[in-house]
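Across the two complexes that follow, subunit A remains constant while its partner is subunit B and subsequently subunit C.
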Partner chain A sequence: MELFIQQLVSGISIGAIYSLLAVGYALVYSVYNFTNWAFDAFMAFGAFIAFTSISSLFLPFWAAGAISIVLTIILAVSAEKLAYSPLRARKAPRLFMMISAMGVNLAIVNIINLIYGGTFRKFPVDALQPIFIGNVSIGRTDLVAGGISFVVLALLWAFLYRTRWGLGVRASSIDILTASLMGINNNGVAIVVFTLTGILSSVAGIFYGIKYAVYPMMGMVTIKAMIASIVGGLGSLPAAIVGSMILGILETMVSGYISSTYRDLFSFLFLIVILLFFPNGLMGKSVEEKL
Partner chain B sequence: MKRTTLSKWSGLIVALILLASSLLSGCQQEKVLKIGFITEQTGVDAYVGPASVPALQDRIDEINAKGGIGGYKLQLIVYDTRSEVTDAVAVTKRLIDQDKVVAIIGPSWSAAAIPIADIVDAAKVPAIATTASNVNVTVKEDGTLHPYMFRVCFIDPYQGYAQADFAYNKLGLRKAALLTDVASPYTVGLHQFFENHFKELGGEIVAKEGYTQGDTEFRAQLAKIKDSGADLLVMDAYTYKDVGLAAQQAEALGLDIQIMAGDGVFVPELLEMAGPQLEGAIVTTGVSEESPEFAEFNAAFEAKHGVKANIYTYYGLDALMAIEYAIGEAAKKGPVTPTAVRDALETMKDVQLFTSVVTMEPDTHNPHNKPLLIMTIKNGKWELLETFQPQ
Partner chain C sequence: MGYLIAIVILCGINIVAALGVAILTGYTGLFTIGHAGFMALGGYMSAIMVKELNVPYPLALLIGGAFAGICSFIIGYPAFRSRLRGDYFAIATLGFSEAIRLLLNNTRGLGQSLQDSTSSFGQGASSLLIKLGGAFGYMNLPNVTNVWVVVVTVALAMFFAHMYVTSQYGKNSIAISQDEVAAEMMGVNLLKTKLISLFISAFYAGVAGGLLGFYFAYLSPSLFTITKSSDLLAAVVFGGIQSLIGPFITAFVLIGVPELLRTFAEWRLIIYGFLFVIVMIFRPQGLLGYVEMNFSFLGRWWNAIFRRKHTPSQKG
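== the complex of A and B ==
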């Protein structure tokens, strides 16, 4: 039982990290119908900015976090303005958008690699000691990361459902062309969406860096988040979170009770089965109800 | 009109340059041998290349300044493998087909070295793997030799055997857990030989867990290992990140266990990443950056290049010095061809390389009796416990 609870706790904490990333994918996908492969580069960028702010500029954690968020927003919006928006303006097929995103991703990751090198760095904050309940350990870092993720996601929800700008984004996610005919500023929506992407990737990058390590290829984990958002139901925010939790817990349980060696094999087989029965993902909705 | 004149002029200039360069090369007649070096400059193992390339280039410059070897100047051609097997294979082919190298240094890991062995055999160009320690790098599955593949490090069975021996006899441990990177022939090979010898001695393997390269999350496996009652965690990872993260997560789970790892993680960066969590861990390796014999080299290297030397630097130099020796021997007998270099490498006996004196075993292409060090981490620093010599 103790082992089961320990595995469940680990699974939820992994799911929380996947959630932030999966929501970022879902957001861009729901509005622009393409997978933003550059997301993992934004995440690594956010982590490295925070890392440098603390280790070289000796700034406190909150200031480093704020700088990282601001710069990652600038990066994400620039990527939109330089690499995606010109393609959309020329009515390029979606596949080209994805390839453009891959290009942005490779470019940023390689620049980070050139500047910092490929080593794995410890994020320069003191590790928080875990809390033990009986023999079960609960990471304090996980609790903080989980709490902040929850706050960020709640704010995102409030923004989308309680503000005029949020309404604009939601309208665009249903039909971007009609929305612009109704007087919604397309360029404004793009800036809002990529600003949100920047915030999510920066926060995810910082917590991933604290929990594991900071390195140029750290964004590789986003592939899991993308899978989670597909399983949940692409384009829906709550579905992305549900998908992330399922994937996180599934992975730990498979490792713990079936085989850690074949973890990915069993986890992904299970996901294929889910998709066979729910082709739109578990909570996949019709177009009218996206986001 | 103006445009035509310009293109006429530029055509004439190009023709003149071509003529001049062909005349110049005609009178110089300098004999140059190209040596290929395939290494990891980007990707997950990007800490390998930057610490090796400058060292090898320095050595080549030194040799050329002294007039070369056997009447030949040397030229180093470096390609990045991006830490991917497919890229490692592609650049090997490029070195052979386009650059016409006389010998190849690298790669550093077995998963790439095994397919490369077939390529160099077919092309008849010798290659020296640096830190690829899987048996099948130089000897095929059916026991026959790869005639053109060599290595300068020791092989897996030797390291796995030593780890089991040390854990059982010196540390008195009886219950071992294995945490294996199942996609890495390096880790799988080491653990197979660890398991065989540990059981042979009377020990027990109480948990066998796996993961794949790129994973950062080990808590599920570590929780199971904690549950199994193991007193030893053997994690011969190829990348130090794996051991660093596992050590941090083991501490977070309250798992107090002796950790043991192989030379794949023997780099200074491991200490920066998880020094306190790895206090007392055992790491086996062929050479040590901490050995006083390398202190002078390390200091000079870091001062000149701004990068710390690591074991990949030393093994890279070992391979280059073996090739130097072989070129010298081949030049005594006739023109230096890839096959002549190969023949000289195979019969190499008591030759001083960078890390030690090496004799090549002609039937396995492995260095004979290369010493193995048992290292530990004490006060956040590498410390030598003892040297283990094969019987």
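== the complex of A and C ==
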């Protein structure tokens, strides 16, 4: 029973990190209708900036986090300006957008690899003592990572549903052309969306780095976020969060009770099973192509 | 000389796999970043065929390809049936190839855990899995892939790919890549066409994996990483959408040039990344996008030579 509760808490915390990633994808996808493949590179970038600020510049954790968020926002917005916006202006097909994003991803990840090398690094924060409730030990990093992730998600929700800018983003996600006819500044929305992307990826990167390790290919974990959003149901933020939670808990249960080696295999099998029995995901609406 | 031949062999093997990606990504418009997984499946299967069952080498390559093709349905059927959009299909292929790599990395452990089983099937599976060697690699394969095998395979692969894309199925694939809804309204069976295209694509990758194994004389999961998939995708993106000759040329250049310039190895993927963006912005159709392979110039040359020979005699 103790093991079960420990795994559950750990699963919720990793699920919260997956939620940040899944929401980051869904945000760009809902507005611009393409998957921002570079997202995982932003995540690795954010984690490495924070890592360097702490290990080389000896900054406190909060300052490193702030620097990482700001630089990742700059990276995300400049990727949008340099690689996506010219294509969008030309109304290029989605495949071209994806390839361009993939290029950004390849370039950033491999630049990080060139600078730091491919080794796994421990994120330089002091290991926090776990909290004991009875016999159950709960990692404080899990609590912090999960808690802050939920706060970020709540702030994102408040931004999208309680501010004028959020209204602009939501309007653009329904129909970007009509939204711009109604006086919504398209370029402004692009900057807002990619700023949010930068924040989400940086926070997710830092916490993933603390929980596991910092390495150039750490962005591969965003596959999990994709799987989670397919499992939950495409095209809605709550479904992405539910899918992430289910996947996070499933993974920690598998690594706790079966074998951590086959954790990724299980999440992939889970995806196939879900697709076979729930073709639209657990909470998804029927996916019909818009004419 | 041996070094150059080695490069030609590696280029040829990658051309076969890149043609597979061209059929799927270039012609059917389905983005894949997991073809290394299909290469691994085909490679291991044909290696098992030759080494454990003494199947002749060319037949083993075909069996490996067919095995990769059939395995592609595991991912293809659920994904296409649920109309997974392009990007999510790409993720599914990536997940598939990572799962394959994970399994191959751990065959030793799997085999050892099966060792206690009493059934003869369990025993056989266990000894086979241990022989596959996990992350260490499947060793001592016959070293039978030589330059002629590769040249013949590339020629056949090119020929059949050309036949496919100019056939009715190929036209259906192109229609799907242009507009799925319109294609379906014109009576194209989306699921069937996509599955056929995926099967052929995985078949090509599987054959390429087999060739690779019998060239290196060993197979290890580290040969089939995401970098491999990115290389293949890069060949198709730079070579051009809806073109076979484009990926053919770029696969040759992209594999051959880094082999010759080993010192720039770590810069290669960075340059690819920037090139992806630059190509998409300035020449999105790729180097030879929408250029069909065309041998009519051979006929023209033949006619030109033929006529020149005969024109004087006619005058005379």
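The criterion applied here is as follows: the second predicted complex is superposed on the first by the 254 of 291 C-alpha atoms of A that agree within 3 Å, B and C clash if a C-alpha of one lies under 4 Å from a C-alpha of the other, contacts with A are read in each partner's own complex, and residues count from 1 in each chain.
The criterion applied here is as follows: a residue touches a chain if its C-beta (ideal position, glycine included) is under 8 Å from a C-beta of that chain, and two chains touch if they have at least 3 such contacts.
If you're wondering where the values come from, they're calculated on a predicted model, not measured in any experiment.
Number of subunit A residues touched is higher for C, counting subunit B against subunit C.
By the document's definition of touching, of the two partners only subunit B reaches A:I14; subunit C does not. Contacts of A:I272 after superposition on the shared chain: subunit C is touched, whereas subunit B is not. Look at A:I227: by the touch rule set out above, it reaches subunit C but stays clear of subunit B. Residue contacts after overlaying the shared chain place A:N113 against subunit B and subunit C alike. In the superposed pair of complexes, A:T261 makes contact with subunit B and with subunit C alike.
In the superposition on chain A, A:P130 makes contact with subunit B only, not with subunit C. Of the two partner chains, neither subunit B nor subunit C is touched by A:M1.
In the superposition on the C-alpha atoms of chain A, the part of subunit A touched by subunit B in one complex and by subunit C in the other spans residues 110, 113, 220, 261-262, 264. Every residue of subunit B that touches subunit A in the complex is listed here, in rising order: 40, 42-47, 50, 180, 182, 208-212, 214, 216-217, 219-221, 223-224, 227, 240-241, 244-245, 248, 252-254, 269, 272-274.
Remark: subunit C residues 29, 31, 33, 74-75, 78-79, 81-88, 90-92, 94-96, 98-99, 102-103, 106, 109, 180-181, 226, 230, 233, 237, 241, 266-267, 269-270, 272-277, 279-281, 284 touch subunit A in the complex. By the touch criterion stated above, subunit A contacts subunit C in their complex at residues 29, 34-35, 37, 82-83, 86-87, 92, 94-100, 102-111, 113-114, 220, 223, 226-227, 230, 234, 261-262, 264-265, 267-269, 271-272, 275-276, 279-280, 287, 289, 291. In the complex of the two chains, the subunit A residues touching subunit B come out as 3, 6-7, 10-11, 14, 110, 113, 117-122, 127, 130, 132, 135, 137, 139, 212-213, 215-217, 220-221, 251-253, 255-256, 259-264.
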